[in-house]
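A quick write-up on the structure given underneath.
By letter and in written order, the chains are A, B and C; residue numbering begins at 1 in each of them.
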Amino acid sequence: MSNDSRTLSRRTLLKLMGGVAATGMVAACAPAVAPTTSGGAAAPAQADVTIRFWNVWGAAREELMNQIIARFEEKNPGIKVQNLVQPFERREENLFTALASGDPPEVLMSSRAEVLRFANDGLILPIDGYVTANNLDLSRFYPSEIGNFYWKDKLYSMPMPTGGGVTSLTLVNYDMLRAAGKEDQTPATWTELEEMAKEFTEIDDKGIVKIGATVGTSASDFFAWLYCNGGSIYSDDLSKVAFDSEAGVQTLEWMVNFTNEINGGVQNVTDFFAGPGEATEAQPWYNDAQLINFPNVSIFFHMQTYKPDMQWDMGLRPYNASNADAKSQGLSGETFAWGYVVPEAAPEAKREAAFKWLQEITYEEESGGWFVMQQGRPSPIKAVNEDPSFYEVNPHWDKVLQSLESDVSVQILPVHAQVRDAVNQGVQAAFFGDASPADALAQAAQQAQGIVDDYWSQEG
Amino acid sequence: MTAQPVSGERVTATRPPRRRKLPRWLVGYVFIAPWLVAFVAFEAYPILSGFYHSFTDWTATGKAERFVGLDNYVEAFTRDPLFWKAVTNTIYFIGVSVPLGIVAAFALAMMLNSKIGGTTAYRTIYYLPSVVPAVAAVIVWVFIFETRRGILNFALELLGLPAIRWLSDPNWAMPALIIMSLWSIGASMIIFLAGLQGIPQELYEAAEVDGANGWHSLWRITVPLMTPTIFFNLIMSLVAAFQAFNNAFIMTNGGPNNATLLYMLHLYNNAFRYFRMGYASALAVVLFIIVFGLTLFVYRSSKRWVYYS
Amino acid sequence: MAVRNPKMKLAGHGLLHLVLIAGSTLMLIPLIWTVSTSLKTPQQVAIWPPEWIPDPVMWSNYVEVFRMAPVMLWLRNSLVLVAADVIGSVVTCSFVAYGFARVKFPGRDALFLLLLSTLMVPYVVRLIPLYVIYNQIGWINTFLPVTVPHLLGRNPFFIFLLRQFFMGIPDELSDAARIDGCSEFGIWWRIVMPLSKPALAAVAIFAFRDSWDNFLAPLVYMAGRPDLRPLAVGLYTLRGGAGQLPDTHYLMALSTLMILPMLIIFAAGQRYFIQGVTLSGIKG
C-alpha cells in the first residue's frame, strides 16, 4: 500500500477505503481481549488466561519486562501476559478512561495517589486475602515502601520501584569544590547549605551562570523541606491540614529568602534549568554548573551515562538545625510511588492470575527486584539492595540505603492531588511576592482544608 | 439525467416543472443523513451525559454519584479561586490572538495571492509550522523562548532591546503563548487563499478601468466577497481559542504563577487529576454557553455583514 | 493590485518580498530545527545552546529509527486513519455541506447550529461516555472509533467550511442544471464539487494533517493494541518520561519523515489555489 502510491488515483483511494473497512472489520472480529478464551487460532485446547498488563515502562525497559514475562509464563503455564506499554504522555486520561470503562486491563500500573483514590472508590481489589493465602512476607519491603499502598487498613498493591529516595538524596559535585580549592563537604543543615550555595552561585545581567543550589520552587519541594523542619502535611488522623504550622511558615520563608537572596529570585532559577529538558546531558549538573543537587534515585544511572568520571559524594537532605525537633527525613509516596492494581471489574476467573503477576513484578527478587537493579536503582525489597554490584554503579550506595531507611511514608488522602495544587498556589504566590509566606500558606491552608472537609463529609 | 457541460452558454430557458423523485425537504435530510447518524450515535449521548453530570458529584471511578443541584455552578462562580483567573486568562488570550491571527492570515493570503513570483515556495514555507509534529515543536519552542540563549532574545539583542523572560515571567508567558499561536496561521491562510480563488478576476479589471486603486479594490471588492470566509475563520478561531490547551499544557502547565492557566487547563485538572468529573462537566457547560452565545451572536450578526453571492 | 506605474509596482514587489522573506525565516526555524536535530548524536543533541549544523552528520539515524521502532507498522496504521479521514472529509462532509448550503428544508438552521455546537463541547467531558459507547458495541481496540465517525462526516469543521464555499456558488448554475433534469445529487457531484476544488483541496490537506497527527483518540481507544498504533502515538514512545532517557534524535528523525508526506499533499493541493476557478461566464 505504501510503496507505490505516488499519486493517489481514485482507484487507489477506493482500494484504501476498502482496506479501511476490511481492516476495521478484521480488527473488530479479533477479540483483543479473548475473554476466558478458546477458539483463538494459536491456542490449542488449553484454558489460557490472558492478563493485560498496562504500564509505562517504555524503551529499553520494555525489553527487560518482556524477559520477566517470558520467565513468568514458563513458570505458570496457562497464564499469558500481554505487555501493554503506554506512552507517558497523557497517562492520566488514558489510564482513567481504561479503568472507568467497565472492561479494564487486569493489572494497571498507577501512582500512589491514584491507588488510594481507586481504593477509596471501590474500583480496585485489596490483595490481603491473596497475601495471606500465599504466605507472603511483607517485611521484606522497607516499611515506608509497603506502607504507601495501604488504605483504611487494607493493602492494594506492592511497590516497584521505590517511592522513596525521591527527596532525601543530597549530591555534591566534588570536582567543583576541589577546583575552587575548597574542602570536601556535604551540607547537613540549612545553614551549611546556604553557605555553600552562596559561595558558588554566579549571577550576571542575564541571570544565573552557575548555581550553588536551589531549594526548589514547587509544592513538592516545600513538602520535602517541611519534613526536614519537623513539620507535616496533615494531622495524624488526616482530618486537618498541618502544613501552615509555625514550622511550615518558617520553611516557606526560608525557601523564599534563599531563592531571592542567593539565586536572585524564582525566575532566575526557572530560567537556569529551562532549555535542554530533564534527564539530558546539557543539564547544569553534568556540566560543573551546579554544586548541590537534590535528585531522585534514577540519577545514578544517568550519571553513569553522562559523566561517569565525576567526583561526588552524597548525604541526606539538610535539616533546620535551629529547630530542636527537626532531622533529615525523606518522603516516600508524596508524589510518585508506583504500584500495580487489579480492578474490581476484572473477571473472577482472571483475578488469581492477575495477583500472581502482581506478585511477580513486585515481590519476587529475581523479577521485580532484578528489573530495577538493571536500571541501577534501589529496590523496595531490602535484600536486593545488598547486592555488591550496586557499588559498581554507585560508590556511595550505602548512603542510598541509609536514605531509604530514613524515609517516611507520608499519609495522604485520596484527594491529595488537589490539596497539593492548592499548596502550590500558595507557594507560587509567596515566591512571586503576591503575598507573604505566612499569608500565602494561610490562604492555601484554608483552601486545602475545604477540600479535606469535603472529602470527610462525603465519607460520612 | 443528462447534465449539460457547465462551461457553455447561459441557459435562459423558462423553468418547466420537473417531476421529482423525492420531496425537497426529504432531499435535504438525505444530504445531512450521514452526519445525523453520526450525531445520534456518537455525539448526543456524551453531550447529554455531560450536561446531566454537571448536576452531580460524578467521579467516573465507579463511586455512586449524588445529585447536587446547582452546587457545581455555584462553586465555580463563588468558591473556586482559579475559575475567574482561568476566565480572565482565556479572555486575554482570545482577545489578542484571534484578531491578530485573522488579520495576519488574511494579509498573508492577500500577499501570496498576488502575482509577485515565488508564491508557491512562500505558501509552503508559511504552512510548514502547521505540519511539524507537536512533540518536535515543543522542543523547538523551548529553544526559541529560552532567556539566555534563545533565538527570540538573540533577535531582540540585535535590535538593541533588553532580553525578556518569556516563560518564567508571569507578564510575558501569555504573550509567548500568543506568539506560538500565531506561528500556525498557515491553516487560516489556506482557507483565505481558497476563498480568494472564488473572486472573479474581471471584477478587479473592471475596477481598474474605473480608476480604482489597490486600496479601493481591497475594501470594495475583496473584503466584501471574502466575508463568508472571514466569518468562517472568525467562528472557528473563537471556538478553537476557547478550547486552547496543548501549548499551555505542555510548555507552561498553567504557570508561572497561574499566568497561563487557560480555562481548558483548569477543566482538565478537575477531570483527570482531581477526578471531579461532575465539576468538570459544569465547567464544560459554562464554557459551552459562553462559546455558543458568542457564536450565535456572530452568526446572527453575519446576516448584516456576510454576503453570499 | 491595480498599481499602474511599473516602477512603483516593482518597488512594491520588492517590499513584499522583503516582508515575506523575513516572515519565512521565522517560519522555517521549527523545520530546520527538527531536521538538524534528527542528524545529531545524543551527545550533540545535549549541547546547549544547540548547533545548527551537526558535525558529524548522522544520516544513519534515519536507518536506525526503523530498527529502533516498528515504523512500517505504525505507517500502515496511520495510512488507514488518514484514508478514512480524507475520504470522509472530502466526500461525506461535502455531501452533508451541500444539504446545509443549498437545499432548503425545515429545521435546517437549527440543525446547523446544533452541528456547530458540537464543536464547543470540550473533549474532556466526552471522552469517557464515548469510550463507554464504543466499548458496548465492541469497537474498543479496533480502528473503528477512529475511522467510522470520520467516514460518516463527523467533522463539523469541514462541513462548515464547505458550506461557506458552496453558498458562494451562484444559484444560476444549479438552476440551469436542474432545468436540464439534473437531480440535487447530480448537481452536488457534477457541478458544485468540481467548482469547489480549492475548498476541497484545503479540506483534504487539513484532514490529512489532522489524522496524521492525531494522538489522543488512537491512544485511548486502541490502548490495548500496540500493534494498531499510528505514527503519531508511536512517536511519543520515543519521548522518554518516568525517568527514562529520551531518544530525541530518533524522535526528530521520525518527525522529519512524518513532515514529508504532509508537504507532498500540500504541494499537490496547492495547485488548486493557483489555478483558481473561473466563475466568469456565470457572473457576467
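The definition used in the following text is that a residue touches a chain if its C-beta (ideal position, glycine included) is under 8 Å from a C-beta of that chain, and two chains touch if they have at least 3 such contacts.
Nothing here was measured: the structure is a model prediction, and the numbers come from that model.
Fewest steps needed to get from subunit A to subunit C, stepping only to touching chains, is 1. When chain centres are set by their Cα atoms, the one at the greatest distance from subunit B is A. Inter-chain spacing, taken between the CA centroids of subunit A and subunit B, is 37 Å.
Between the Cα centres of subunit B and subunit C there is a gap of 15 Å.
Within subunit C, contacts with two or more other chains are made by residues 48, 128, 215, 236, 239, 248.
Residues of subunit B in contact with at least two other chains: 60, 135, 139, 143, 146, 149, 272. Each of residues 89, 93, 96, 100, 275, 277 in subunit A touches at least two other chains.
Those residues of subunit B that touch subunit C in the shared complex are 1-4, 6-7, 10-11, 13, 15-16, 18, 20-21, 24-32, 34-39, 41-43, 45-47, 49-50, 53, 60, 108, 111-114, 116-120, 122-137, 139-140, 143-144, 146, 149, 151, 183, 186-187, 190-191, 193-195, 197-198, 200-202, 204, 207-208, 212-214, 217-218, 228-229, 231-232, 235-236, 239, 242-243, 264, 267-268, 271-272, 277, 280-281, 284, 287-288, 291-292, 295-296, 299, 308-309.
Taken in their complex, subunit A has these residues touching subunit C: 1-2, 7, 13, 16-17, 19-20, 23-24, 27-28, 32-33, 52, 54, 56-61, 82, 84-90, 93-94, 96-98, 100-103, 105, 275-277, 279-282, 296, 298, 302, 305-306. By the touch criterion given at the top, residues 57, 59-63, 79, 81-82, 135, 139, 142-143, 146-149, 163, 165, 167-170, 255-258, 269, 272-276 of subunit B touch subunit A in their complex.
Residues 42-43, 45-48, 72, 75-76, 79-80, 83-84, 87, 127-128, 131-132, 135, 138-144, 147-148, 151, 215-216, 219-220, 223-226, 228, 233, 236-248, 268 of subunit C are the ones touching subunit A in the complex. By the touch rule above, subunit C contacts subunit B in their complex via residues 1-3, 13, 16-17, 19-20, 23-24, 26-31, 33-34, 37, 48-50, 92, 95-96, 98-100, 103-106, 108, 111, 113-122, 124-126, 128-130, 133, 149, 152-154, 157, 159-161, 164-165, 167-173, 175-184, 186, 188, 190-191, 194-195, 198-199, 201-202, 205-206, 209, 213, 215, 232, 235-236, 239, 248, 251-252, 255, 258-259, 262-263, 266-267, 270, 272-274, 276-284.
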